[in-house]
Structure formats: structure tokens, C-alpha cells
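Worksheet: one structure, shown below.
Order of writing sets the labels: A, B, C and D. Residues in every chain begin at 1.
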């Protein structure tokens, strides 16, 4: 099932990539990122079968980082929402030129 | 050579420096303390004079054939260049030292009276002492750089003293002008030094002059260039055309300063330089011709301006320029001894005339001050009939006038006529016509001298007094001022007797001068000028005995004397009859006289042709080149970077989707380069 | 001398002089605020006191480096803390240590806010400058070279005038641009050396032996030269200087003019000539540089003459003076180079003093515009005396230091480039043309502004600042032999080296057993340093061994 | 049987992902993502990663997604039905790039599979036999990666504090 798993991981990753590009809702962008992380996790797990248990450890780390990221990211979204009353990314572009 | 040891040679130079330090300290910290300056100022110069006299007497008996060089410390030792702080004692330098310290001492004494009551009394003596120090460095220096120290130093003192009353903008301007114009000459001297070092490998007088005849080709381009650059230095310092313009303005300084610096000593430094470097000039006939022409033209040109000036000091100033022209011709035609001779006599009678004028101005100034008259104390139109109030000054100044006009047996007769004659005697070789012309020009200039000096005397001392109410307050100068005048008057009479030309001493009436050696100065200076004389003799030939239009030296001297007497007499009669009014009531000059009065508009021409273009050019360079191009280019680079940054910043749209797209595209690019299509 | 031996002066002096200001910076920054100036002055004076014996301990007969030391720093890249002093740097170090306390003392009244930081920056600047003068490792040199920018940037940018930010950024960018290219050139030399020998070294004397083709030399020369000509500065890279000077506070201007600019010309002598002799003697390159120097002399003088701001005027005169340095250096004659060094020192003293004087005037009148003054000589005679003297020294009056420098540079230049020296000598005329009108308009004429009527004359503190500089100017003018003596041997060897290596590719490296590349001139007095130096080779070998072993372990 | 289950959940995962990207309502998107994550958890279990699979479901599909849900609810975004999907142009470009990326990834993975690499480490099955399902990871985690583990703990702590600070209403 290795090949299939890897290809599946690629599919999920690409969907995530596409999502980041075509959605404007900050929370959904976030979800797309989570999806990409999971796609990578899948690849780790699949390869771990052949290469070793370290793959699992890495997934563990990825998950923790993802959790931390989600917490901080969502907090940021909340404060942004407080400021702009929306989570549409078109509205917060203070950092442009 | 006898065993002659110079006595306290360094002290001659050092004493005025000490005087400067003491007076300077007084001026800065206790400006009111005049007692110290009164004694220290003239005292140090007097002491230096005494030491110089001792040395002179020693040398007199010793018959030196080579200069005595005393090296004090190694000044600029850099590889081949070994310049010592060294002094050189020889016949020329001791003579100059005597003039500088002797005349200088008298002028210092005179200044005690003249500057009494000036708040800058101590400062004045500090500068004056400093000047003497630098002047002695100039004449005693044993190499070109040490000479240059003195050279620029006297320029500095001249600057400081011309601008002594610096609150007056005109006076400060005059000082500045003197310094800058002098620096043009200094530039020439610098280049000459560089060339000498490049070709001879040393800058010591002894070394250079010994090596010069072998090193340089006679009449070659190199030695001509060196001589001409040296001459540029001399032109600047000795106020020759085209750099004479600073000297008349320099009269803004206190009158004793004019006497000391701008008549007796500093301005003659150029003549000294040429005499000192006689070998180099002798090797280049072209340079000598140039020197002679410039000197002659200056002599005539300045004399014409002197004819109509109304400011007593201006007349004397142009007279000085004219007389300097005579000296320059003297050294230019190869008659070094004659040039130095005239330098010496001129120092006597011009210092006398200036200080006499100073006494007059002093008196006029006080008189006008008493009556609160807002009249020019230096304008001769406001004087007249002063012989009644100032009889001593009147007599002394007449002596000076007769001396400068070349009346036998006064000093000027011998020295000036020797120069005139020498121009004729050198009228041979490749530039015969030129020297003949020079001789004629000098003759005319000498006649003009007799006229304008007589005019000065008539306007100042004779006729009715035109000082208005101030006339009643004019008094004779105090003793401290007239005694130096008296001494100088004696010197102006007998000073010429040391060097009576042989043909004249052989002439019946003119030859009657009791105790003095014939052509003594020639013999005295012979060791210094020997090399140059040799060059001339071998390359061109012996001096002529007969002038271009026939007649020998004695003949032409007699002619000149007659003419001078006639001119003086005629002028006295003619001007004595004229009606005159004070300056305020006199109409301005018209026609050619106005051109002369306005000095041929040379200052205006210089202003338009040189000064203004330089200033405007500077301003344009600053505004348009420095700010406009260079700085704008630098800032333009900055703006360019900013512009590029602006362009790049357009990529920062602030839209996360675009960023995501960019990230993906970038990641794809990297992937592509890693794995390929 | 004996006393200096007893205390082992030679072994620690350089390090002490170099690092004490840095330590002092920490002391000042964290010390009491109200004592900051006294502390800083004390430290600067201490450094000066320690540096003075260098004058005596330095051996003029030795043209090489003295007081050397080498301590490993980043050995993986062959970077050492290598320092040493030769005839070119010894006087400049002394100038720096002399100017610093004076500049600090001169800023007591000028600097009123953030004093601790200011004096800390001044001391940091001192370390940077001295570091650049003593560094014998190109990496170390570069570090110090850049280190100087930081405090200077802040000194101008924080305590400067109205347009201080503009001036500070301009100063920083100009200098940084030049030095970046220099860094590239340094790395090129480094890698070329590694390629040829397999060794890693930034040592000055090692990289000196890198053989270079003519083309390489020209490129590297240009890269180094750009850094130096901007610093010097030479037309047309000079426009940062007037702005920086006008905006900088007095002490900043003083240090900038007196010492910082000298680093450019020091770079000429230290790097351009010995490293790239073929390029440095190439007729075209020399001509271009000399003409630029010439433009600096004449053009800057003209532009200076019409400046309404006295400080800007003096800033432009700096450009003119440094033009003489360029002329002297690239004349490649002993007189020229010696003269250039004297001009550097003289300019340090005279222009430093002028900036101090203008700063003192600014403290009194809060203006620098020449037209705002007038007739001050009658109000402040002592001030006027010193000002006029300094101005005259600056324009090269004989008997002052300026003359010796200008005379020797022009004399030296005349030997090789008579026409250029001829035009350069017109600088003496233009010098009078820019300086005297300023002197006149400020000090002479009538006192026509009521504000100027009651200005106090120099205080005792101000006199203390100025008198040493006046003494130096006079000393160098009247008896410059001790100065010339100390630099002569080094300059002679430098010029001999240039002459010897004019042929583009130097065959020294590889072809024959290399000459002792580590510091050759081990002075007996520099005992501890000497031990270290002589062992440097072994140390390097050991370190490389150790490194390899380490790598091997990693491989397992 | 295992293979069949794998395919079913693989399909569910893709479907969930697509639903998330395409869904208009954030809540619907979120629930689709939960579906994907749950499916992945199952897949993990199928691939001998029992421990990770369980964590995936508990932590990811459970805790993290609930956090997302909370936020969506908190911000009251559920009712906003205006689409936030970009126009056709963006969809085309995005899809093409994503597809291209997929192609590159898949190709790389396929090549990788051909290499049939095997590492030096302990395989999950063997480890699980020796130490049990949890112990297999624990042995590695607390032995070789203990520093990283501790750092991650710190990271989490920092994230918690950071999140609190950020989300806190400014007083």
C-alpha cells in the first residue's frame, strides 16, 4: 500500500495547496494548512513501514507543532476579527507596500 | 681666507623672535602695558643690529671667499632631500642683515612715537618684531626652503600689519589682497625649488650654485624655467608688473610699517632672491631679458601713476614700485652689485620719505582730530605750507627727495645712475635692442621720479596751508620720531659714497667724494656674484665702455644729474605758482590724468578678468557642479535604489492568496530544478 | 627605555590601547550619568598616557612590524587576532590617542543630552579606529573598519544638527558601499591563497604573497581603492563629507576630520601599494588618481571659498588637503609618501583644531554662518590668535606642519609628475583664497552685530584643548625630523617592495621556499608576543590536525 | 479486506478534503476536514501506526478541530453565506499549479518506491512486538529525541500563553 499511500498524500497536499490559493476565509486557509500537514504525516507513516519507527516520532512532533500553531493562529484570527469584524483576508492588508 | 668665526649668528635671528614672544604675550594678556613693548620692541632689533655690526667688522678684515654656513638642526631629512635649518653668512647676507636690522631699528624707534596712543601698541611691536625675525630668516637662510620660511613669513607679517587696524574693512581687505597676490609669487618660488631639486638634487645655496654651471645647459629650457619661476616669486614679493597691485593697497597699514616692510626691506626680497640666485639667471639670457623688461616697464608704469596721486602715501607707494623696477632691472641686466646698491640706498631714502610722510600724517591726523574735521589726513590737497610747522621734517624730506631724484652727491645719484648705466653697458649679445630700450625707459622713469617727488614736496610743504581750521594745530614731530629721520637723512646723503663708479670718481667735479672706496660694494659682493659674472663674461663678453648713443658712464651720469636738477627747478617754479584748494573743493581729474589717477584701471581690469570670474566660477562650481551634479548623482543613486525598492514593494500586495501563489510557484521552481521535468 | 622593558611595555601596550576604550565604553555607559564626561576623559587620557611611550619604544630603524602578536580567533577560517605597528601606523595611532581626549574635553559643553551614550560611542569609535590601524589580519581589519561606522553613525544621527539623519545615512551608505567591495576583494585574496597553498589565512603578510596577474590586480585594486577613496575622500566621492561635517556635533567633526579620513590614506599605504604594485604603478591608474587628487585640491578649494557656512568651508578644505595626500602617495617617491604622512598628521591637528574652534564659537553664538560673525578679534583676542594661527597652519604657512606636508608631497610628486605637481602647487594660492576671506569676515572688520559684542574669550578648559594641537602644529613645522624619522624606514621598504614587484605576477609563492610569512620582525622587547608569533605556524598545524580528527569522529 | 478498508477511507479522505476546499459554509468545511482527519487516522492504524492513529483521532480530529469550531462559532461565521471562493481565473490557476505540484510529488514518490529503500532503524512492527504499541514510540521518543520532546513541551507552553495574550480582549 506504500505507493498508494504516498500518492494519496500527494493528492491531499495538492488539494490543500489549491485551497490556500483560492479561498479567502482565513479560517479555511488555516484548515487547508492543517490538511497539508496531515498529508505530510501520511507520507511519514507510510514510509515508516519501510524505514523505521522514527517516522512516527516525527508525526508526533508535527502534531504538537500543529496544535501550537492552531492555538496561536486562531488567537490571532480572533484578535484580527476584533479589529476588522471580518476574517476575509482582503480586509487585512496593512503589510502591503 | 682668514679664520673668521661668526659671532652669535643665531642670536641675530633669535632676538626678534624673543621680542615677538614677549610683545605677543603682553598684547594678549596685559594690552595696556606699554613700557615693556617700548623697550623690548626696538631693543631686540637694536641688539641684533649690534651683533650684525660685530660680524660685519669681523668679515671686513677676513676677506671671505666662501659663505659660512651654520646648521642648527636637520629640518626636513627625507631620503636625498636633506634640508637643514641653517643660516648662511656671506657678504650679501650680512649686508642685507645690516639694512634690515639697522633701518628696522630706526623704524622701531620711530614707531614708539608714531603708535603712542594706539590700543594695539604691544601687538604692533609683536608683529613688527616677528617681521624682522622672518626677514632675517629670509636673508640669512642657507637654503631655499629656509629662505621660503622667511619669504612667506614676511608675507604673513605684511598681511597682519597691513590689516593692523582690522576693524576697517578696507584695511583688512588690503591685507588679504597682499597675502593672496604674494602667494602667487610663492607658488612660483615653490615650483622653482621643485625644479632645482629635481635637477640638482639639493636645495642648499652652496650646493646649487656650485653645481649649476655644470648641470644646466647655458640658455637651456630648464634653467630658463627655473629662473622664470624664481622671478615669478620675485615679481610677487617685489611688486612688479603684473603682481604689483597689492603694494599701493598695502599703504593701509601704519606708516612705519609701510616704511619698513613696503619700502625698505620686504619688497626688496625679490631683488635679493635674484641676486642670490644670480648664477641661475646668468645661465639664462632669456630670463634675464624678461627680468629687465619687466623691471623697466614697472619702473615707468608706476612712475606715471605716481605723477597724479593725491594721497601722500600712494605717491610714495608707486614711487616704491617704480624704484623696485630699477632694482629689478639692475639684477636683471647682471649688475647684481648695482641692484643691491640701489636696494640699500633706497632703503635709506625711502624709509626716510615714508617716515617723514608718517610724521606729516601723524601731525595732520592730530590736527584734524583736534578740530573734529572729517578730512583725509593723507591727502596732500589738504596740506600745503607745512614747512612752517614742521621745519625738521621738511628738511629731511627734501634730502630724501633729492636723493631719490638722483641729485649729486646724494645716495640715489650713484645707485640709480649705476643701474641705468649698467643697462646700457649690458646692451650687447642677443638682446642688444631690448637692453637699449630698457636703458631709455629707465632714463624717462628717472625723470618722472624727479617730477613726482618734487610735486609731493611742493604740495605738502610749500605754498599756502589748506588744512582749514586744523592748520593751527599742526606741530613738529617729537624727538623720538625726528631723530631716526635725521639719521636716515645722513645715510641718504653719504650712503652712496661707498660705491662710486670708477669713471665718476675720475671725473673732475662729480668725483669729489672724500673718504670712500671706489666701487667698494662691487669688491665686497664679488665673491657672491663671481660665478654669475664669470658666466656672463665667458658667454657674452666684457661690459661696454661706451653707451648705445655714445658717451661713457660719467657722461650719462652728468646728463641725468642735469636733467634731474632742471626738472626739480621747473617743477618747483611751475607748481609753486598754481592756486590750490582743499580736497573737498577740488574738482576731480579729467581726461588722461584721470586714467593715471585711477591707476590705468588695472585693479578694475583684474577684478573683471580674474577676481570676479574666480569667485563666480567658484560659486557656479559649488551650485551647479558640486550640488548639482556630484551630489545629485550620489543622491540619485540613492533615489534609484529607493525606486527599485518601490517597484519591488508592488509585489507585496497584502493579499494572502497572492503570497500563497508565489510560495507555490517558488516551491515548484525549486522542485523543478531538483527533480527536473 | 629600561623602565619600559621592566614593565614589559611592548607586550601589552597595543592590546591595552586597543581594548581599554571598549572597556571604558562599558564603564561609561553603565556608570553614573553625571560623571560620564569625566570618566570618558579619564579613560581617553589613560589611553593617551599609555600610548605616549610608543613614541620612544618604537624602533625607527626597523621597517617592519613591531609590537606584534597573534592569537587564534576563528581558526576554521584562518582568522587570527593579529596586531602590529609599523612606521606608517605608529604616528597615526598617536594622533588618534591625542585627538580623542581633546575631542572629549572639547565636547563637555556641546553635548548636553544622552551623555553616557555619547561618550560611550566616542570610546567605541576609538577602539574601531585604533583597531583598523593595528590590525594585521584582513578580516580583523575589516571588522574594525566597519565597527567605526556604527558609533560615527550614531554620533552624527543622534547628536547632530537639523539634517542629521540625512547626513548620517549618507555617511553610512557611502562608506558601506566602498567597504563591501573591499570585502569581496579580501575574500578573493583569501580564496586565491587557499587555492595556491591549501592554507587558510587572512594574515596581512600571507596575503601579501599571493601572486596576481595584472588584470586581477587592477580589479582588486579598484575594489580596495573605492573603499579608500570614499573614506579619504577624493572627488567625486566627497559629497558625504560636507554634509557629515556640518551636521555632526563638534567632537564628531573633529574625530571625523582628524582621524577617520586618515584611514583612507592609510589604506593606500597599507594595502594598495604593497598588495597591487603593478596596478599601483600603472601609468593610467596613477594618472587617474593623481588627477582626481588634483581636482580635489583645486576644485574643493574653489568650492570652499564660497561657502556661507564656516564648518562646510573647513570640510571642503579637508578634501583639498587630502588631495595633497593622494598626490604624495601616488608620486611613489620617498618625499611624496613621507609628505603624505605628514599632511595626514598635520591635517589631523589643524583641521581638528579648526573644528574645535568653530564648535566653541557655536557654543557661544549658536550659529556657524560666517556672515553672522565679524570683528570678533577685538572681542576675543586670544581666541582670534589661536584661530588665525590654526587657519594659517592649515593653509601651509612655513614654520607650521602644513608647510612641511605640502612641500614634501609636491616635491615628491614633482619628481615623477611635474605637470601635476605644478598645478597642485596652485593649491597654495587657492588655500589663501578660501581661508583668508573667512578669517577676515569672522574676525576682522567692525563688530556690526550686537550679539557679538560681549562674547567671552577662551576659557581655561578650551585653552587646554587647543594648546596641545597648536604645539603639535608648531613642532611638526619647526622640527619634523622625529616624525619623518619614525616613518622613513617603513616607507623606504614599502617603496622598494613596490619597485621590486612591479612585474605583475609575483613569483614568490610556490616557486621558491616562501619567505618567512609570519611576522618576521620579532622585537626582542616583545617577548611574550614573540613566543606566540614564532609558534604560530605550529599552532596552526595543531589546530588543523585537531579539526580533522574532529571531522573524522563525526563521520563515524 | 484491509485493502478494501484502505480504499474506502482513502476515498473518504479525498472527498472530505475536496468538501473542505469547496464548501461555502465554514462549519461544513470544518466537518469535511474532520472527516478527512478521521479517515487518515484509520489509514494510520492500517499502516501499523496504532498509537499515532489514535492520537490523530483524539487530538486532531477531536481537540484541534473542536477548537476551530469554537472559533467559528465564537466569531459567528456560520451564517455568512457570501462565498469566499475566488473567481474562475484564480480557481484555474490554483488548480493547475496544484495539479502540477501533485504530478511532481507523485512522480517523485513513484520513483522513490522503485528504489525500494529501507533504513537502518527499527521497523514499527518489530518494535511493537518488542515493546508494545505505545512503548515502541516511547522508546524512541524518550531516548533519542528526548531533547526535542522537551522543547516541544516548551513550545506548547509558549503557544498557550501566546494564544491567551493574543486572544485576550484589550482592556
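Going forward, contacts are C-beta pairs under 8 Å (C-beta built on N, C-alpha and C of every residue); 3 or more make two chains touch, one makes a residue touch a chain.
Fair warning: this is a prediction, and the values are worked out from it, not measured in the lab.
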Closest chain to the protein's overall Cα mean, using per-chain Cα means, please.
C
A student comparing B-D to A-B should find more C-beta pairs in contact for A-B
Inter-chain centre distance, chain B versus chain D - centres from mean C-alpha coordinates, in Å
100
Distance in whole angstrom between the CA centres of chain A and chain B is 93
So, in whole Å, the Cα centroid of chain A is separated from that of chain C by 57
Where chain C and chain D are represented by their mean Cα positions, the distance between them in whole Å:
63
Give the residues of chain D that touch two or more other chains, as numbers and ranges in rising order.
86, 90, 93-94, 97-98, 101
Sequence positions of chain B contacting 2 or more other chains
657, 661, 664
Shared interface positions of chain A, touching two or more other chains
17, 21-24
Determine which chains touch and list them pairwise.
A-B, A-D, B-C, B-D
Listed in rising order, chain B residues that touch chain A in their complex are 646, 649-650, 652-657, 660-661, 664
Partner chain A, residues of chain D touching it in the complex:
3, 6, 10, 13-14, 17-18, 20-21, 26, 29-30, 33, 36-37, 40, 43-44, 46-49, 51-52, 55-56, 59-60, 63-64, 67-68, 71-72, 74-75, 77, 84-86, 90-91, 93-95, 97-99, 101-102, 105-106, 109-110, 112-113, 116-125, 127, 136-137, 140-141, 145, 148, 152, 155-156, 158-160, 162-167, 169
Of all residues in chain A, which touch chain D in the complex?
1-19, 21-25, 27-28, 30-32, 34-35, 38, 41-43, 45-46, 48-57, 59-61, 63-72, 74-79, 81-82, 87-88
Under the touch definition given earlier, write down the residues of chain D that touch chain B in their complex.
86, 90, 93-94, 97-98, 100-101, 104, 107-108
Under the touch definition given earlier, write down the residues of chain C that touch chain B in their complex.
170, 173-174, 235-236, 238-240, 299, 302-303, 305-307, 333-335, 338-339, 375, 377-378, 381-382, 385, 392, 397-399, 403-404, 407-408, 410-411, 414-415, 418, 421-422, 425-426, 428-429, 431-433, 436-437, 440, 443-447, 478-481, 484-485, 488, 492
